[in-house]
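Read through the structures below before going on.
Next, two complexes with chain A in common: one pairs it with chain B, the other with chain C.
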Partner chain A sequence: MTAAVFFGCAFIAFGPALALYIFTIATDPLRIIFLIVGAFFWLISLLLSSFVWFVARAITGNRDGPIEKYLLIFGVLVSVLIQEMFRFAYYRLLKKANEGLKTINPDEPAPSMRLLAYVSGLGFGIMSGVFSFVNTLSDSLGPGTVGIHGDSPYFFLNSAFMTQVIILLHMFWGIIFFDGCEKKNWYPLLAVILTHLLVSALTFLNPQYEISLVSAYMIMVLTGIWAFFVAGGSRRSLKRYLLCQDKNFLLYSQRSR
Partner chain B sequence: MLTFMASDSEEDACNERTSLMSAESPVPRSCQEGRQGPEDGEDAAQWRSQGREEDQEEDPDRYVCSGVPGRLPGLEEELTLNIYTPFTEDTPSVGQRLLNSVLNTLIMLSVIVVMTIFLVVLYKYRCYKFIHGWLIMSSLMLLFLFTYIYLGEVLKTYNVAMDYPTLFLVVWNFGAVGMVCIHWKGPLVLQQAYLIMISALMALVFIKYLPEWSAWVILGAISVYDLMAVLCPKGPLRMLVETAQERNEPIFPALIYSSAMVWTVGMAKPDPSSQGALQLPYDPEMEDSCDSLGEPSYPEVLEPPLPGSPGEELEEEEERGVKLGLGDFIFYSVLVGKAAATGSGDWNTTLACFVAILIGLCLTLLLLAVFKKALPALPISIAFGLIFYFSTDNLVRPFMDTLASHQLHI
Partner chain C sequence: MQLFSHMHAVLSTVTCMRRSSIQSTFSINPEIVCDPLSDYNVWSMLKPINTSGTLEPDDKVVVVATQLDSRSFFWNVAPGAESAVASFVTQLAAAEALYKAPDVTTLPRNVMFVFFQGEAFDYIGSSRMVYDMERGKFPVQLENIDSFVELRQVALRESLELWMHTDPVSQKNKSVQSQVEHLLTALEESGAGVPTVVLRRLNQSQPLPPSSLQRFLRARNISGVVLTDHATVFHNRYYHSVYDTAENINVSYPGQQSPEEDLDFVTDTAKALADVATVLGRALYQLAGGTNFRDTIQADPHTVTRLLYGFLVRANNSWFQSILRQDLRSYLGDQGPLQHYIAVSSPTNTTYVVQYALANLTGKVVDLTREQCQDPSKVPNENKDLYEYMWVQGPLNSNGTERLPYCVRSTARLVRAVSPAFELGQWGSTEYSTWTESRWKDIRARIFLIASKELELITLAVGFGVLVCSLVITYCINAKADVLFIAPREPGSVSF
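So, the complex of A and B:
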């Protein structure tokens, strides 16, 4: 607990997202706006899912016991579906906005759909991660011993790693999802929804962190590779980048300095 | 109020004076010292509102100008906010409490309206020196007195000792550089930073001293007032803009936060219209130390005056970007700060309000790009902020808390 755990978990959970934000988004105000709008869409989806859960709980009379757990599971699954619905809604909004942007700023090139997919995915992810973890994080600042009653002592670490995985996953899902929508290919969409459901369902197994966390990371790596190829990467471009032979990239980074 | 900053260079000739944005800080009344408020909430609110405002800096080129609310009450008046919110909220029944908060709101709002009209009248009769002096007094008090009080509270909260010489040095440097940046020349980023800091300080005063329900009702009422003052033909802010347009003077370069400015340094014969007083210091802002909220909205920002003579070698300045009145900053900060201080210690509520206000601002900017005239910046953002505050506090918080305790991730 206290400062060490707080800073450690904070950086574990939000480090990659912060780095992505600083290096790719913070430089362009338009991207920041799209990020915030993405976060807003996720927030609305959360509001809707909380409302559904609240109503379900009110209907079943607020009883305690196993029914509470089932209601929670129901709430989680409904929430995942609503999130993906709002991701689709954001895609439609961006499609419409692209035309509007062209009229407002005719001289500046409008951001491409791939870029918007990345930004929106990151927006969803950041908001999702922050909302899941920030309260836990603020609790970790105070004194205490984790797991003193026999629970797992790795509560904070697990939450931090899970948050990191979810943020990165949202980003990859955004890329894959938007690409599927663009190409009118519905299988990627289905795959995104199913993997999202799978990852959320795996968290039901907590506190058996080995299964849920490790599987979530494996899913993230696979989704990441898929998103890389969807976004236009290839083995050759990766090799060129790693061996510093990518002239376009080198020139670009020279210019931006 | 959001105003349009045009970027046609033919008409814009700014000398350095016009290009320097000075901010009017509301002159805060000195509040009773020793009143303990929710310190952690304040600090958190302070940092969060600063953070949020930093984000707002990065808006793309748009024309937004917000009115600055806040009037300065006479220095003879009493020093606490209580004078503006005399009806206590410590009542047994809900109805009575609601009534008291509505009455408090009416009092505050009438003070604001009166001060705004006073300012418009001053401006109409060209009492520039008076306005100028008023603004300087406001920013002096805000930069020195309120910073001192705030620093005292922070040090008390974190139990850090600081000796008076160090304190004097710190506050003196902070305040002096602030005055220079705001009222004279300074790097744009520094000026923006100071404007944000004084807005946050003012908002902290409001958060600390306004009773809880009154604060929410005041936020709602001020948004409605903003809407009316900017859009109605006889609204004080609209009259202010129109007067400034008739005189072809820039409106209130002080008291406005500008997001981007490019100016070229030229030799200048001072522009005749800018001699004497500041450029239209519109200072609806916080003259009242604590309560008056002047006009939240602020009419359009006009282009700076033309160069006085053809012999001037002033290069034209291209002003682009958004101008937002400081009053809007203050009320956004009050909303987020109140959410932080009273939202059952829940960070999710604060973040939701933060995002909601940013989205409201984006929408307002969009409308500004469509309508191309001065727009009130408060209504949409405050409406979103209020909606999200109450819904997140009541619906989302139990859901997320239950999820977090079982370590389920959605």
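So, the complex of A and C:
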């Protein structure tokens, strides 16, 4: 549908990720490396899950019909589990790498696990978004649009928003997941896996975009709030930030004495 | 709806030929953008002449001409029933009738039957022949031409009238006028014996209709006449149109007949054209100097109807198959008539079929083997300069399994018909035809849905908004990140 839709959808889907990259990741080369390795891990996980799906299809004999849909659901669920498995694997890798990083660079402090959680989550999210949306995006550049057989004309827009939600969700899940692993608390891990399954399952309701998209956004908001608290925020810090009391805090507290 | 109909040529012949020539000069893989329209004229002589040289100035030739091609609005569709087919079929029948006369070999003057190709596109064939004649590249020269008879659109005669058009400008010369008068009387005398054709003269001052004779008159004042079925306004309502089909000249067959029965069914149009051919044949005999056997010359309506059937209804019939060479079988197509567009690859179907039909109708079967027929230089009595030898398929044998081929010796030949403008490199010539045909890519179309402009703009606006918002928010959060996110205290570190 021409360049307007192409750029609009690209910015919708990848705008937040681009902003995060420019301001937080691009400044430090080490963070870039961790981002890319995270993306790579996600890609490997998807390779494995696509292999599983391929084998499942070959076993059932490539028939058409309702079995296709069941196979797809099965494939998606298996893929979610494998992605989370690889997130865990990346966590273990980073834990081991921390020791090595300290010896390479004794002067600079090694990045904290919280930062690595954020970077890895963003890496997962960016790769997931690119993988799922780039194909649709390239088709949107052509002169035509979806809908000649009665499909929804808002396909591109909804896909873009869904991709945006998934990217942000991956970032939040990364933070929560790593924090749970650090504190040896298994409930956050379970929550992450369950919400991931829930969001993926919601996409099966497409093209009823209202239900799937709105629910996904609500889940994103809740997960975001949880991640904010996990990352070290609190109501007090939020109030302080919003009321711009940070600079004057010490002075203020001194003056009030 | 998106239509892809890309033509490589642009603007005009001059531009596209210039681009093609630059490509072919400088490029390893030249990309030619247009091709000149070109093909071959078909010609034959009543008495064989040596084609390797030219005729003596004293040898006089009566030229009878017609056109082979037609055109229409659509590419490669040119049924041309009245504008081309009827006239050249008449001429073929007249040739057959004339060749049967007993004393053709002793006639004082020769007769040249010529079928010009490319006349619909500014007289490509006739202008090329005149050009070749002027430079001595053609065996017959302009000074050998005694008189010129042309057939143009003869199928729609009203009340049996056949009009004779002459050129008023050249007749200002007294000798030309007397020759034209002689020509017209010869025609009228020949027409007297055929009651179904009434020859009519026209007012002296009326100019010629569009005809090949005009190209000859530009070079030299020869005496010529153009025979048509119309006096002033064309009777052909579908001149150079897709609708100029068999129906236009009332060629119709009763239903329920097999194609072979249709082939031999003599229609009224065929009878009428055969009468015109008879008049033409007798007139040519008289103009060539013959006297004794004029009234025995009779055109065969059966031949005419078979030719009309083949060119207008179904080319792939048993007679056309039997008169062609074996590798030209596919030129007849599967079903349906031939299209008489000149095209750019030569020779076209029509040219070949007319040449082989002319050979069949006017030539002789000679007893040669296939190798001898294809190379008669070794055979003692045969002369390649005088005759053309063709190895044709022949009819099917009685079982219907095999063909019985044979060798035909005739004077029916092809001569190149490309506009002299391309020989001279004058692509913008106003003197000669400069028609070219563009090359093109595959023509295809596709239908798809497009989004409304509002939706596109909303998407773009929302995208920009999201991008700007996220940039702003991220910047703000990042700048004060240490306020928002309190790092956990590392054990053993002191901070104030």
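Definition applied: the second predicted complex is superposed on the first by the 246 of 257 C-alpha atoms of A that agree within 3 Å, B and C clash if a C-alpha of one lies under 4 Å from a C-alpha of the other, contacts with A are read in each partner's own complex, and residues count from 1 in each chain.
Everything below uses one rule, namely that a contact is a pair of C-beta atoms (placed from the backbone, for glycine too) under 8 Å apart; a residue touches a chain by one contact, two chains touch by 3 or more.
Note that the structure is predicted; figures quoted are calculated from it, not measured.
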Inset, instruction - Have a look at chain B and chain C on chain A after the superposition and call it: clash or fit. - result: fit
Inset, instruction - Classify the contacts of A:232 with the two partner chains as first (chain B alone), second (chain C alone), both, or neither. - result: second
Inset, instruction - In the overlay, answer first, second, both or neither for which of chain B and chain C A:131 touches. - result: first
Inset, instruction - Using the superposition on chain A described above, determine whether A:224 touches chain B (first), chain C (second), both, or neither. - result: neither
Inset, instruction - Return first, second, both or neither, reflecting whether A:19 touches chain B, chain C, both chains, or no partner chain. - result: second
Legend entry - Geometry of the superposed three-chain model: angle at chain A (Cα centres of chain B and chain C, steps of 10 degrees): 60
Inset, instruction - State whether A:49 touches chain B only (first), chain C only (second), both chains, or neither. - result: first
Inset, instruction - Would you sort A:30 into first (chain B), second (chain C), both or neither based on which partner it touches? - result: first
Inset, instruction - Aligned on chain A, what is the least Cα gap between chain B and chain C? Give it in whole Å. - result: 8
Inset, instruction - Touching chain B in one complex and chain C in the other: list those residues of chain A. - result: none
Legend entry - Residues of chain B touching chain A in the complex: 55, 58-60, 346-348, 351-352, 355-356, 358-359, 362, 369, 388, 391-392, 395-396, 398-404, 406-410
Legend entry - chain A residues touching chain C - in the complex, by the definition given at the top: 1-2, 4-5, 7-12, 15-16, 18-20, 22-24, 112, 114, 143-148, 153-154, 156-157, 160, 164, 231-234, 237-238, 240-241, 246
Inset, instruction - Show which residues of chain A lie in contact with chain B when the two form their complex. - result: 26, 29-30, 32-33, 36-37, 39-40, 43, 46-47, 49-51, 53-54, 69, 72, 75-76, 79-80, 83, 104, 127-128, 130-136, 138, 155, 158-159, 162-163, 166, 199-200, 203-204, 206-207
Legend entry - chain C - residues contacting chain A, complex: 2, 448-451, 455-464, 466-467, 469-471, 473-475, 478, 480, 483-488
